[in-house]
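Below, chain A partners chain B and then partners chain C, in two separate complexes.
Let's turn to the complex of A and B:
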């Protein structure tokens, strides 16, 4: 027999946000003109940009664009390793 | 997609308790236009209140994505079920400051919404639960993976008590009047351990 639905079991997070991040809580990060256009490039860019106080690696976006995906993934793994970020144990939330 | 971030969210069918996995996907303008703006707000057969009273009924995800896509620190993701429907969507930015820990960064949930047919305040028979919460966990995982230590902040428009139960703290941000909710690095770590995403 199918269990009757009760309101209490619905999703608790229907809507959040829609209010801008207050300027005082926005980090002032130097904006680059030459932004990555793919996910792997974005991931590497963010890791380096957001952790500039912990790790420094200079490269041009054109250098990154020339890499194949396997090389990009290895670079990201190396950056994460340097930052002490451990891999997730599973892919399902 | 980013490497080594969760790719699936386990959804629960509210009617049967059965589970299925939704994929976490990039949300682009076309998908937002067709699958959210053009699909979410169709009348529900068993609606218990007005769709147009929902705080996000006037959000136009296509426009939001258009504005965000050329900014360097925004990310749009959605949870898509096996029938191709978007069950929840989120717009994140990774250039936030922590409101709890001075000098540290955080991921900010600019906005998040679950599909109307999953909302218990709108329908007597919601379809899925877990999509919105799954995307919050995704935001925490993203923060963790970017070495922001899992810190995530947001402004809740409703159901603040849910976030407090999840481990978020309410911080009065007096200059602007809105309360910011933030999950600390310690609570974020506990959240990820509890869900088996990282070791304790």
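Let's turn to the complex of A and C:
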């Protein structure tokens, strides 16, 4: 949409050319993403994050923090199995 | 992947193991193991995996499975499963609703409950037992089917130590009594239902499932003429009183014969079981007044109604 550009003091994104930017470019991203702090939590988080196009599982930090380590390990194993990622084989000497 | 109606059909065809059959149809791998802090999860990916908590009861595990399958069918994101029927999120509510249809198909409700007749706790517990679900789940399924069952509306109210914890409804307005007062009255009438007029001209019918750890109140809103219809238990009690009067031995003996009929006719229809009973017992086991009473119209009605608990 063409409009006459008016820059006001306090505008976070100055726009030139007289057009609106898509909301995705002007929206401020939250900086307070609640990432898991423990190793297992981070493993699960990155497995999901890096394979977001292949698998779906809603991930809430509060859900994860209620699990014990054994349960977290089962979740990670299930994510790997779902993706078809095989665990490392034991070294044979 | 699969349409909603097709998924419901598969679950219905395989009752009472609808969710399990649906999981097989969708090639979902179901894994069960002890979990802590969570009821299970569903990971939708190249291989879709549902994990269930072995420490939970069978009815709970089956609900979790049905809920996750509902997410897959609806195309909404599967999640880490928590308490059923407690979420205020639309996606979760819709998944709970569809899960209840997988567990208790519409046909089972129609078969067991006459349209526009109040549902009592015993009938609800029998449905839950046949469907291998919890009575709470069965009550929530009834709430989801108010229109089909001929109710104006319905609600489930869950109490722990007589304190209301949560309620599940599609906006029930019952103004005559609050839920806690209705609970007290329903406990007095238990196992029969309690009836109370509502300000809008309808009648509130309350039925209670009293477990040790909790109480569940099923509230049904019906037009007055339908609310006063006898429930199955009320009919059975009335027929029993007129048939046996004070003859305790006769009552016990007929109950035992009905029990044998249940085992002998397992897997058959109500008509077959009824015929078996009438051909086997009234003339051969009983004589005189007892045989005549059992073969009378009310005697036959009693036998049929009693057997319908097991042969819906």
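Criterion: the second predicted complex is superposed on the first by the 58 of 93 C-alpha atoms of A that agree within 3 Å, B and C clash if a C-alpha of one lies under 4 Å from a C-alpha of the other, contacts with A are read in each partner's own complex, and residues count from 1 in each chain.
Quick note on the criterion: a residue touches a chain if its C-beta (ideal position, glycine included) is under 8 Å from a C-beta of that chain, and two chains touch if they have at least 3 such contacts.
What you see is a predicted model; the values in this text were computed from it and never measured.
In the superposed pair of complexes, A:84 makes contact with chain B and with chain C alike.
Using the contact criterion defined above for the overlaid structures, shared-chain residue A:54 touches chain B and also reaches chain C. The wider contact with chain A, measured as residues touched, comes from B rather than the other of chain B and chain C. Look at A:75: by the touch rule set out above, it reaches chain C but stays clear of chain B. In the superposed model, A:67 lies in contact with chain C only, and not with chain B.
By the touch criterion defined above, A:35 reaches chain B but does not reach chain C. On chain A, the surface patch touched by chain B in one complex and by chain C in the other comprises residues 51, 54, 83-84.
Across the interface of their complex, chain A is touched by residues 1-10, 12, 14-17, 21, 24, 26, 54-56, 59, 72-73, 75, 88, 91, 93-97, 99, 105, 108-114, 118-121, 124-126, 128-134, 136-138, 141, 144-148, 153-159, 162, 173, 175-176, 178, 180, 195-199 of chain B. Residue ranges of chain A in contact with chain C, taken from their complex: 51, 54-60, 63-64, 66-68, 70-71, 74-75, 78-79, 81-84. In the complex of the two chains, the chain C residues touching chain A come out as 31, 33-38, 41-49, 51, 77-80, 82. Across the interface of their complex, chain B is touched by residues 2-3, 5, 7-22, 24-27, 29, 31-32, 35, 39-40, 42-43, 45-47, 49-51, 54, 73, 76-77, 80, 83-93 of chain A.
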